[in-house]
Amino acid sequence: MSTPTLEVAHGGVPEGKEDIYAKEPVLSARKLVITFGRVVGLDGVDLDLYPGEVLAVIGDNGAGKSTLIKCLTGAYVADSGVITLNGQPVHFKKPQDAREAGIETVYQQLAVIPALDIASNLYLAREERRRGPLGSVLRMLDKKGMEKRAGQSVQDLGIQTIQNMSQAVETLSGGQRQAVAVARAAAFGSKVVVLDEPTAALGVKESGMVLDMVKQLRDRGLSVILISHNMPHVWEVADRIHIQRLGGRAGVVTPQTHDMGEGVAIMTGAKRLEGSS
Amino acid sequence: MSTPTLEVAHGGVPEGKEDIYAKEPVLSARKLVITFGRVVGLDGVDLDLYPGEVLAVIGDNGAGKSTLIKCLTGAYVADSGVITLNGQPVHFKKPQDAREAGIETVYQQLAVIPALDIASNLYLAREERRRGPLGSVLRMLDKKGMEKRAGQSVQDLGIQTIQNMSQAVETLSGGQRQAVAVARAAAFGSKVVVLDEPTAALGVKESGMVLDMVKQLRDRGLSVILISHNMPHVWEVADRIHIQRLGGRAGVVTPQTHDMGEGVAIMTGAKRLEGSS
Amino acid sequence: MSTEVTSAAAEFARRQQSPLQRVQHQLHGRPWLSPLFLLLVAFVAFFIGSATFLTASSMGILLQQTAVVAALAVGQTIVILTAGIDLSVGAVMVLSMMVMATLAKDGGMPGILALAVGVLLATAAGALNGLLVTRINLPPFIVTLGTLSVFTAIALLYSGGESIQADHLPRLLNFLGEGFGIGDFRLTWGIIVVILIYAVMGFVLSQTAWGRYVYAVGDDPESARLSGVPSKRILLAVYTVAGLIYGIAAWILIGRAGAATPNAFPDANLASITAVVIGGTSLFGGRGRLVGTLIGALIVQTLQFGLSQMGVDQQWRVLATGILVIVAVAVDQWIRKVKA
Amino acid sequence: MSTEVTSAAAEFARRQQSPLQRVQHQLHGRPWLSPLFLLLVAFVAFFIGSATFLTASSMGILLQQTAVVAALAVGQTIVILTAGIDLSVGAVMVLSMMVMATLAKDGGMPGILALAVGVLLATAAGALNGLLVTRINLPPFIVTLGTLSVFTAIALLYSGGESIQADHLPRLLNFLGEGFGIGDFRLTWGIIVVILIYAVMGFVLSQTAWGRYVYAVGDDPESARLSGVPSKRILLAVYTVAGLIYGIAAWILIGRAGAATPNAFPDANLASITAVVIGGTSLFGGRGRLVGTLIGALIVQTLQFGLSQMGVDQQWRVLATGILVIVAVAVDQWIRKVKA
Amino acid sequence: LGACNRGSSSDGASGAGGGAKVGVTLITKDSTNPFFVAMQKGAKADAGKNNVKLTVASGKQEGDDQGQITAIEDAIARGDKGILITPMSDGVNSAIKKARDAKLFVIALDTPPDPADTVDITFATNNRNAGKLDGQWAAAQLDGKPAVIALLDLFSDKIVSVDYNRDQGFLEGMGIDVADGKKNGDEAKTGKYTGGKGGDYTIVCNEAGQGAEDGGRTAMEKCLAKNPNINLVYTINEPTAVGANAALKAANKTALIVSVDGGCAGVGSVKSGVIGATAQQYPLKMATLGMEAIAKIARGGEKPQVTSGLDFFDTGVALVTDKKADGVDSISSDDGAKICWGN
């Protein structure tokens, strides 16, 4: 092909973070393939996520970013390929399996339950019970407590327009709804947090707060996979950037070695990484 | 209140476009109020859209942007307030009414039919029939033709990853789906095109193409309402900017008189426009 | 934002309202009041139309007539909340009833054991439905349509079509038909059991995580799955619990009918689904309240009882019931629709 | 991207497949083939199990037996495609049938006029359902449950519960029961009419804008509304057309039964819904194909006919039908699930 | 039309002595079977004469015990003086007991309850006898020829007494061993019948026709597909017989059809030769006799007596046929038409 090639940065390591990349990856995938009838979703993708890093995944629309993280988090089961968590092969059959392994995900379609209210959604499948026998014997939910803490979580993301915490999420604005989904992942992720375009519907201020949250998660030692079309955001928080293209991996770069323009060029196929497959 | 005030720009007119603003607005709203139970959606909002202009609407999450355009396009019926089209009061009871009046809308939730394929969605409620008696008598659809033209429309927006034009839109990626919705509005708008966060899920290249499309629509003399959280986009294409805040209108500015920082400040309540209500 | 802007919505809220609108407004804020309101209207109407309707003894009878369908409708409600449907309600109940009675009579089993086996069998039948729905991913309609035939046939083959009279059965199996009176107002233990079922399931649905999962799975199964709700386990549990409830309903029915008959309640399906839907639960799942089902069951039964007390003949009663069901739900819809 | 990467998916596609997997793969690509495949399997099984099953005359009879339910199921299909349900199918058909017959017999109306009035009445009944659904926003389940009672009662009151024999009726009303034979294989005009109904509605659903709207309204009513689909008009039309089809089914039924009876076809509701669901149409609307319904109707009828030819006892047959329905749909599910 | 047979029953009493109206409830099995519709109509027509306030109720369908229980309770709550009921099954016995405890006079119509003393008195025909008459007649007609029999019953997913009583009665009349007398279809499929001159028999099928024409036709078609040589068809009622005849006609076959009920349409079918013989019953007579009895008792009159030798009041059954058989009492279709019910 005649596309100009860029310097190799496969497995490039961000400066000053060499120690992280000496460790074993927390989550690894090799040669993931998934097809939907005649449509090829993933075409043999590798991915490594190291502990305490923010790995951004960028790519054109339909490049397979969401499909990739769905395969990693048990929402899809790949047709072939291997996934390892802390070096151990894992077979997530459903999202719940990944969750139990400490991987919390915000999917692009948000996965909120329309008719349930904000607190119920935030704590869905993570409910807290009342103290005392009411909780332990009767398994009664601590509705008040969850509602209070849910309100706090959402406000922490800068959403201050919610007038009524018992609104069903189907009546929330697009951004409010996204904030609920993001708040959930932030609150419960214990090892890996995966965010598929978490700021797509968010305002300027709210997006900034989500980026801060991502940094905080990293600082707490968690690993974050961040999918975004917002290049400035990506270059701001990412340690490494996985570039997805036409169902395959076009390469991995770091914000230090490549600038946004180059990133977009690789993503769209205008340039390609030297030696990359 | 002690928030710093900015120079008034209510009804400010962008330089070099004074002729447009001498005409009668194509779409006007006065004192729109809508409540949902105890939640106040719109709290007496005014809006004017002039022929051949791009009016951006910005605001925090939950500020009422989507609610506003839903009231304008018949998706909601306002509790009180007046809407005029070319100076005539109109009462849109359903989106179809607005459509028939020449207002084409991309709603934030996209409003595509999951199980139908791309072409069927693009041409939904705008179907084209076959030529000859098959079409006029038997009312047979021109499926082939619509599929071809639909493919073209989507490609025009830079989406090249769709491998199978007869895929159901529920199997499309988030961005691909949004492109389908945007392509529809672009193809059929005859007077006003309303776009509620049309680039939220789109990649860099694809977003650029949508902005180009907006400009082309304006150049063809259509009016465009563009809701977006992407300030650079807004400042790039908008003639005027309607700032929505807490269900009300905080003011209208032009990209020439106010910069992005000021816009965001007004939006978040950090500053307010002098003399604005 | 300032006071002037706020006032637009506030002004709208302060607008003139007629008394009717105010009632409507009140009911709108408390949607579960609306069917209750309908029930009240029906009571007043029948009170005017018939001298024998609103008497203590009639009210007792009305409750007794509602008991079985109200019990079945609890199971139907949780199934429908998960966006399913259960066509096998009646068949499971009858099978359970015939097994209980046959074991106690022919097998000479002590009442408590026969009851336990019968209820367990119903629970197992429900679990079978649940397994077919979750393991093989079959639509609930098909599964329960199939098991409807299967359970009906087994009940007939097992019982040989013979009914078993109460006097051949141990007292325990008949016990729910006995009761106590407060004056002429007679309640059976069956009614008490039904109330208990509603209380327990109402608590579970609204106060526990399990209840939330039921709603989540029904409202948006894919989102529930992605959120980590153990959907399959919940579905299986729902069908199993439903079966358990049908088993208890079988016990109530023996007491009520004073016999176990293989043809006991052929329209159990339609009657139970009707109670659920009139009670405001959506057939698409995820939306509804159990108390609505109770009121729904009462509304249907009240209409039928009231019309019969007015001496309306069967065919006219069928006609009137049809119209009244539509009117009742239409009024309900009108109340809910209006803007607060 | 390069060749090396592409090969990962290509390699996967080239993987070893057993012959069974290949069949499955083929069927998966053509989902409507899968119920047809089931039907074939059933035919082979019954051919082995019974000497009298696969004969020309039996096949003709099987088609005749399927005709009425297949016709009703067309109306049911379009209603279900809009995420509705029609419990009044049988009631509308019977009402229309009784009116046709009574007008022709007692009123002495010429056949063509009686037929027209009857079919028109059915259409109006459907339109009434549609109006209640669209104007008052009532759930279709409630509306048709109500009109089920209303139409049934009217049919009974109007006819006085008496059936009218074919010999009192003009030939036109009986005409669809007549037919022609190709050897022992006898077809009635009623079957031809049913095939026509399928052809016309199949064309309308798949080739016209109206058909697309039906799917759109059923799949996502809010999106359809926002897209400018005239949802209410479509819904109204769907129920009206369904009524029209039930009217035609009434005509077919008179010919088949040789009489007009108020208690004809008591399980029309369940039978028609079953055909639709076995045919692969989702009860949640928006997904399904009309041809599936036809195959669904044939599958049910084939099971029943085949079992009877094998001489299975009645109650065992009920049992077997239940199991086979589940198995059939499970196989269908398995075929669809597998990865291509 | 229907009036012709009422004359025979309501001649004597009509206890329309003055006083308030007596509340009576008529509870049939369903409201769609022409037999029960006729019963309801007859009762309504006579209600005024007896100064009775009649309420008509029924189960939703055959087998709906619950519906009948509810209707009984409704009658008690309404303060009615008596109940006329065609009991669905023994499942309603305890509700009947409740009504009698509440001092209602309960009369069973058409179907005698088991045990007979569940009700105050029964006005019924014996369904088994009706079937037997059919069987005896058919055996005589066959005149020693082999019988190839189709049995068109009522239900396959329910077991109701009228179903097995008529079917098994017919076989008994034919002189075929019925094994379990309450179970359809457990007979030997081939063997010898002893009725008439006796001969070989083959039972081709037991098919359920739901008691209506369309179901009857479908059932008969299945039987014919199995064995086209059927020459004797038992049908649970006349609509089923009409459907069976349609199937036979379509297949260009003929067979002897016997049925039960004796509605005017059915008698017409006998006259036209479609049905060979039908055992006629008298629903109107049952209803009117029952109502008179309750009206009389409510006004202090006597209880009616059961037919001697039976534990119920036999309203009778007569075989209607135009082909008399030796040793089987029957009436002609013209006579039958005079006392038939319905139109």
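As written, the chains take the letters A, B, C, D and E, and residue 1 is the first residue of each chain.
Note that a contact is a pair of C-beta atoms (placed from the backbone, for glycine too) under 8 Å apart; a residue touches a chain by one contact, two chains touch by 3 or more.
Here's who's who by UniProt: A, B = Sugar ABC transporter ATP-binding protein; C, D = ABC transporter permease.
This is a predicted model, so every value here is computed, not measured.
Common neighbours of chain C and chain E, listed by label, are D. Chain pairs D-E and B-D differ in how many C-beta pairs they share in contact, with the greater number at D-E. Once the centre of each chain is set as its mean CA position, chain C and chain D turn out to be 30 Å apart. Per-chain Cα centroids separate chain D from chain E by 35 Å. Mean C-alpha position of chain A lies 74 Å from that of chain E.
Measuring from the averaged C-alpha position of chain B to that of chain D gives a distance of 43 Å. Those residues of chain E in touch with two or more other chains are numbered 31, 40, 61, 157. Multi-chain contact residues of chain D (touching two or more other chains) are listed as 156, 315, 318. Counting partners per residue, chain A has 37-38, 40, 109, 246 as the residues that reach two or more other chains. The touching residues of chain B, when paired with chain A in their complex, are 36-40, 59-63, 65-67, 108-109, 159-164, 167, 171-176, 179, 197, 200-207, 229, 231, 246, 264, 267-268.
Interface residues of chain C facing chain D in the complex, by the touch rule stated above, are 83, 85, 87, 132, 136-139, 141-143, 145-150, 152-154, 156-157, 270, 273-274, 277-278, 282-284, 315-316, 318-319, 321-323, 325-326, 329-330, 333-334, 337. Residues 75, 94-96, 99, 105, 107, 109-116, 120-121, 124-127, 129, 138-141, 143 of chain B touch chain D in their complex.
Interface of chain C with chain A (complex): residues 203, 207-210, 212-213, 215-216, 219-220, 222-230, 286-287. Contacts from chain D toward chain E in the complex involve residues 52-53, 55, 57-58, 61, 64-65, 68, 156, 160-163, 165-167, 177, 186, 253, 256-259, 261-266, 305, 308-309, 311, 313-315, 317-318.
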